[in-house]
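Read through the structures below before going on.
Here chain A shows up in two complexes: once beside chain B, once beside chain C.
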Partner chain A sequence: MHAPATSALLENPFAKRRSHRETYEFIVRSVLRGATYLILFATAAIFLHIIVKGSPILFQAKAPFINVEFLTKLPETLHVLEDKQGHIYKTDPKGADAIKHQLGDNLRQEKTISYSGGGILGPIVGTFLLVLVCIVIALFLGISSAIYLSEYAKPGKFIEWVRLAILNLAGVPSVVFGLFGLGVFVLAAPVFTNTPLDRALLVIPLGFTQMSFQGWDTSVLSGAFTLAFVILPVIITASEECLRAVPMGFRETSLALGATRWQTIWRSVLPFAMPGILTSSILGIARAAGETAPIMFTAALAFKDKLPWQGEAGFGGVFTESVQALPYHIYTLAARIPQNEYSERAQYGSVFVFLVLVMTLATASVLLRRKLRAKYKW
Partner chain B sequence: MNEEKPSPSSDFQGLIKPPSFLGLRVDRQSLIKHFFTGSAAVTILTLFLIMYSLLKEGTGFIPTYQFELKVYRQAGLEFCDFIQKPLTENTALLSKLNRAVNADTATLTQKAQVRRDALFLAKGRVEEKTARLREAVTEAVETANTPPEKLAQARQALNEANAKAVGEEAFPDVYSAEERRQIASDLGTLQPDAAEPPAIIKTLSAEFAEQDRIAKEKYAGFLEAVEAFEEATEPIVELHDGIAELAKSTKEAAVQQHMAEDAKAQLLAAAESAKTPEAKANFQKEADATSLEAIDYKGKIEPIVAKLPEYEAMVPTYVAAIKAAMEKVPQKGETKESTALINEVRKQLPKHLTHAEESPALMKAWQWDKPIPMVQALTAFLFGGDWITNSSWQDFYGVVPLLTGSLLIAVIALVIALPLSVGAAIYTNQFASPREQELIKPFIEFIQAIPSVVLGFIGISVVGDLIKETSNVAWLQWIPGFPVQERLNMFNAGLLLALMAIPTMFSLAEDAIQNVPRAFSEASEALGATKLQTVFRVIFPASLSGVFAAMLLGLGRIIGETMVVLLVAGNRIAIPDFSDGIGTVFQPAHTLTGIIAQELGEVSKGSSHWQALFMVGILLFTISLLINFVSRKVVKRFQLPKI
Partner chain C sequence: MVTAEPPQKAVEVLKTTETKSVETPEAAPTGETMISVRNMDFNYGTKRALHGINMEIPSRQVTAFIGPSGCGKSTLLRCFNRINDRIAGAHISGGQVVIKGKNIYDADVDTTQLRRQVGMVFQKYNPFPKSIYENVVYGLRINGVKKKSDLDDACEYALKAAALWEECKDRLKANAFGLSGGQMQRLCIARAVAVKPDVLLMDEPCSALDPIATLKVEELIVDLKKDYTVVIVTHNMQQARRVAELTAFMYLGELIEFAETDQIFGNPQQKKTEDYVRGQFS
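Moving on, here comes the complex of A and B:
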């Protein structure tokens, strides 16, 4: 070292100095870390943006602290009236008539913004119905198919082939399932009726009534079935994996003790596979709740001024009526109406409620997995 | 299982002697088994029904499209399009020349134009802000007996509001101090009933008119050339429009006849299956009543083809006119932009002229009765460059613009997502502390649960404006494609799709790295390799097949995604213009998934458009199967040895 002696004395000659190699390693590590945190940051920014813009719409400072109106009213057209003194009134169609009457000549201008007034009860109810019916169909068919494939089916070429086909279907775009749902459930599924439509593909007389393959129209049932088949491949594959992960010894022990096949499955296989099955199922359902493309043509309407059970069909309407759904409502608000200061309330409000709903499902699956895993261990 | 007597020993009994059910001996175990078999069969059958129904609806497309293409040819629309093609090219070249000449004249007029337009904009904003008070003044003026003091009061209020609004205006730095004062006073006293526009506006408008006149004088030659370029097409356009009219009427007749044929076939089928003889006779009568006159394609095509010699004579004139016009176009423009445009036109011109010169020969070789094979309908779908629907001329279902849009967006998303997710996977697995891992992994998996429509909404409401604003920043202008024209474009969609694909790619890549046997890294470290060397020369290469599979599955997710591209990609059905280089990514596009979501709701069942959309579905289905297949092969082929 040619440094002046004084400074050399001040420096600790044994201090660890970074070599070139270490500097290089540090840089590479930082770049990789940067990539990781960039992903986290982008996601956090999106969540924060929605929370900051959306939560003031749902929550308020006064009791009851939640904007009840937003959650309990149907969507309606928002009317914005301005009088000649510059006062602005935001109201629903009925209120608009009253204010117009009251203002008379004093009315300066009126703007209407579709879908942006009222609340989002219709979409919330629709999404709940779709998800509920979808859960019943998907879990029933999914878990029992998985039990068949893993416990009953004889291994062979055919079953391998079926397994592969199911695995491949898991990657098929959801909009393709939407096409299929339209072609099959909306236009060709069987119904029992005395007056079959002309477009029915096939009519089978059953004596007291007729079975007509004329489809279920755009309805909750069509949408829920389509959604169920979007997530079925995932649920079947994941459930089967969980079932097969239960050690063979469990089954052998049970059978050796004289239990029947079903007792074995029910008592010593399913309980241990359940955490995995439930987790994957709830994740699947969270996905179904978030899907838009499959319900666009099979269940959802842009606007409906009645709840499903208020129609002609009465309570049966929860299956046979078309509904509004949150994801489709968001699509409508984002793409079909002009963006302005008045449309923001409905947009961010719906997005916020929707995100909370889906994220709750996703979080529930994680928590459930933890809890059940602690209970069943081998 | 309630058909059984509940007894504690029933299981035992079941083993020895199956209980009776409906007179049959069925044991409970096999019933349970059949229950599961049945529900599995229902599921599997329905999943296969998916493929079947897609294929059924989609394959009908090919004969339908073949028929449409046949009519297109026989009615002579194809013949007319031989003329239309050079005309379309001419329009494209003309628009470039126009842009060039505008860019040149702008060098003289731009300053005056900015000065005038900024003032107009400011005036508009001021008027908008004070609209309510302006209306009050108008009303006061129009009402017959308004007291003068009230009118004066209204005017006073308006002037105050005007002055305030003008004060809020930020004027660009193109006015002198004197002009600024005048603007403030003129705009500050804007009254709705003023007879004349403010003086300053008049001044600036006159200034612009003068500059415009000077520019027109200076570039008179260029302007004339552009005009001549446009006029050269006029006789051809006239001829084309005349025969196009004829061809279209033939086509309409053909479509009518086809519909009548269908109706007759239906009536005959109804007659066949009618229950009573009277009904049968009725249907038969109705069917006979629909007369099916064969269309005389030959006779109708003759007047169209007869125009060919006339067109042939026009072509040399046209070519000469265009060449003469191009002579007058200056070699070099005044600005960089116009020079580039002129050079582009010069480059494309020979091709255009050969197209024009070749077209009569093509038309001579064309035969109206040349049959269209089935395969051609399929190739026209797969390799056709136009997706045109609801057109009054001819619908085309060529999937190429949609496919290029989908693929280009996928490439953008992959270029962004791959380094990020693989980098994050390496970092999380190899460098992060356990505590960090606990944070990163669930967080990234959480991204997967964000619904795509929410991301699409973010794309419209936030990312679009963000991109546009960033692209206007002065020191970023070196980036190709900046400033961005469209808020919603492929880059925007790619950005959001990258975020959607990251969780899939991250977890699969992380799994692949995790699955590299410990012995690999231990051996590497025992040989004295550093951590970095171990990671990048041993572990990462060993996990490459898994990382590649992760990329493919991420790609599958990106291509299949619907809502984000539908909301954000801009939905312009055209093959992107690749002459922009990298800047192409800022153009809007349409996609395979987006077109289904957008158009399926509006088409009638069974029409050729409906079938075409199902064909797009089949294409998507095939792509996703292909991606799955390749990724499985890759993982199998490059499996690591078990140690």
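Moving on, here comes the complex of A and C:
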């Protein structure tokens, strides 16, 4: 059966069985590895494509090396004029008139491409405002409710139902959130005014002014609240986990020293849960910045020729004006205008800037978390 | 059930020169009853954990609770500052716990006030991940003490009381997690002492420490009884012999015997106590 032990070139008695298993192992490993590399490939393809096509629009060889115009001008219509000699002039509406006048009869054709000229300052500012306000609202509401659920509420059937409801919120399609925002924040949320609109659902006189349920219109505030509700489930669930990860001993010690419940939470639970909460919020930030559906009914316009603070209310109107937003702008550029070689510039430029913006946001959060983590580790 | 009269040992209350800037806490004279447990029952939900406990714990002495695991000694200790209130369903179902003449389970008792007077040190040393200084003054800060000199004084007093001053005075701002296990536990004691409670409850304070650190903490406990009433739960019978004047033996939620430590270990009156201290069950 077995080869004699004297031979130095013994055949491995287990060789056959092992090779069979090895084949099996090899197949499994290849499938797993293949799946991983496929994802890696897709990610690399997306990033490389955007970087290759988008970076030449934002960066240039001459000083100041960045296409400042693209970042500091509002979107405008691009005019492309061609004369009979085949020269092509790309310009804005004003320039188009001048060139037409200069060329006279020599003009062969003129093309106009909406939103593809100028820069994308409007969408950048809009997205920035939306994300900023959204994060403030979502963190406040999310952390408050997470603290209530994990520190105050008595465990039981009811709280389990509340948790389930919050988790279900995460499964709601984002366009439904958009419509919810439209119905609640745009059309029904309360405002204080002396002159309520006719369509107000309810007007409560307060003496010095009136509370009118007429909504906040399409505005940064409406959009930010809607976005906040989109990311709340993530923030609540993750915050609760982070709060639970803080050792019970911290709470008991604090209480045993005569601290009230809130003092205990504020001084010896929340600070130690904060790094984790911020980490989980990174996902929320990126998602809030990227969502299109929730803001298209509540905050974003396809085109607006003014920045939020250039309206009638000045800087006071920053949160109550409608804005342009990057994801919606990208959608508009990709789906709402005819495609040709001249529309690419704004398309790839916007996507590239958007990508950089989101990555910067995420990096900032990671750095903040690392700083907090170093301060509060146990 | 035997409830011995607490022995009236005369213990000289010395005020060391080191702590002269801080007055000793107002406490009943040595030997007078500090905690009086009267026919107390305690439940976790419907399960009764303590049955009809009666005991008088004298002030400025060390009282030890011994007994096998699950006998209720920690539960009893945790009744004294109502930290058990945190556990869902845990409640006192009969009798009273009277501390300084007041039933602490009365409806009008403010638990935060109670816990300022009845401090606690836990089994697992658990400093906050903050500086040594911030750990010690935590109790003062939550009481609204803001003046730096007050905080500094309290910190020095507490660290001296916990025999940690010499080791830590040069690195008060360092993170408490840089200390050794024994130092961390003494820091926790300092943190409890900083608010100057009347009573110090210790729940197996040495079970996570090595023998040398244990010895230091034990010395400290003996030292602390000058100013504080100390109640200690311990698994270690030798430790009870070393530190406690009085020892209570508990078994299955009942107080079997409560007497002077020498008597519990030398001449126990109950068969159960005798079996336990002889190591015939655990």
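To be clear about the criterion, the second predicted complex is superposed on the first by the 336 of 378 C-alpha atoms of A that agree within 3 Å, B and C clash if a C-alpha of one lies under 4 Å from a C-alpha of the other, contacts with A are read in each partner's own complex, and residues count from 1 in each chain.
We take it that a residue touches a chain if its C-beta (ideal position, glycine included) is under 8 Å from a C-beta of that chain, and two chains touch if they have at least 3 such contacts.
The structure presented is a predicted model; accordingly, all values stated were derived computationally and were not measured.
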When the two structures are overlaid on chain A, which partner does A:Q339 contact: first (chain B), second (chain C), both, or neither? first
Under the stated touch criterion, which partner chain does A:F354 make contact with: chain B (first), chain C (second), both, or neither? first
Which partner chains sit in contact with A:V125 here, chain B, chain C, both or neither? Use first/second/both/neither. neither
Looking at chain A, does chain C or chain B touch more of its residues? B
Regarding the shared-chain residue A:P247, is it in contact with chain B (first), chain C (second), both, or neither? second
Quick one: classify A:T260 as touching chain B (first), chain C (second), both or neither. both
Contacts for A:Y24 in the overlay, against chain B (first) and chain C (second): which applies, first, second, both or neither? first
Doubly contacted chain A residues - partners chain C and chain B: 260, 263
For the chain B and chain A complex, residues of the former touching the latter: 11, 14-15, 28-29, 32-33, 35-37, 39-40, 42-44, 46-50, 53-54, 56-57, 132, 135-136, 419-421, 423-424, 426-428, 431-432, 440, 442-444, 446-447, 449-458, 460-462, 499, 502, 506, 530-532, 553, 556-557, 559-563, 566-567, 593, 596-597, 600-601, 605, 613-614, 617, 620-621, 624-625, 627-629
What does chain C use to touch chain A in their complex? 81, 83, 86, 88, 112-116, 119-120, 122, 124, 126, 128-129, 138-139, 141-143, 177, 188, 191-192, 195
Chain A contacts chain B in the complex at 21, 24-25, 28-29, 31-33, 35-36, 38-40, 42-43, 46, 49-50, 82, 84-86, 108, 140-142, 144-145, 147-149, 151-153, 162, 165-169, 171-180, 182-184, 187-188, 229, 232-233, 236, 260-263, 283, 286-287, 289-293, 296-297, 327-328, 330-331, 333-335, 339, 347, 351, 354-355, 358-359, 361-362, 366
Residue ranges of chain A touching chain C (in the complex, touch as defined): 154-155, 247, 249-260, 263, 267-268, 272, 376-378
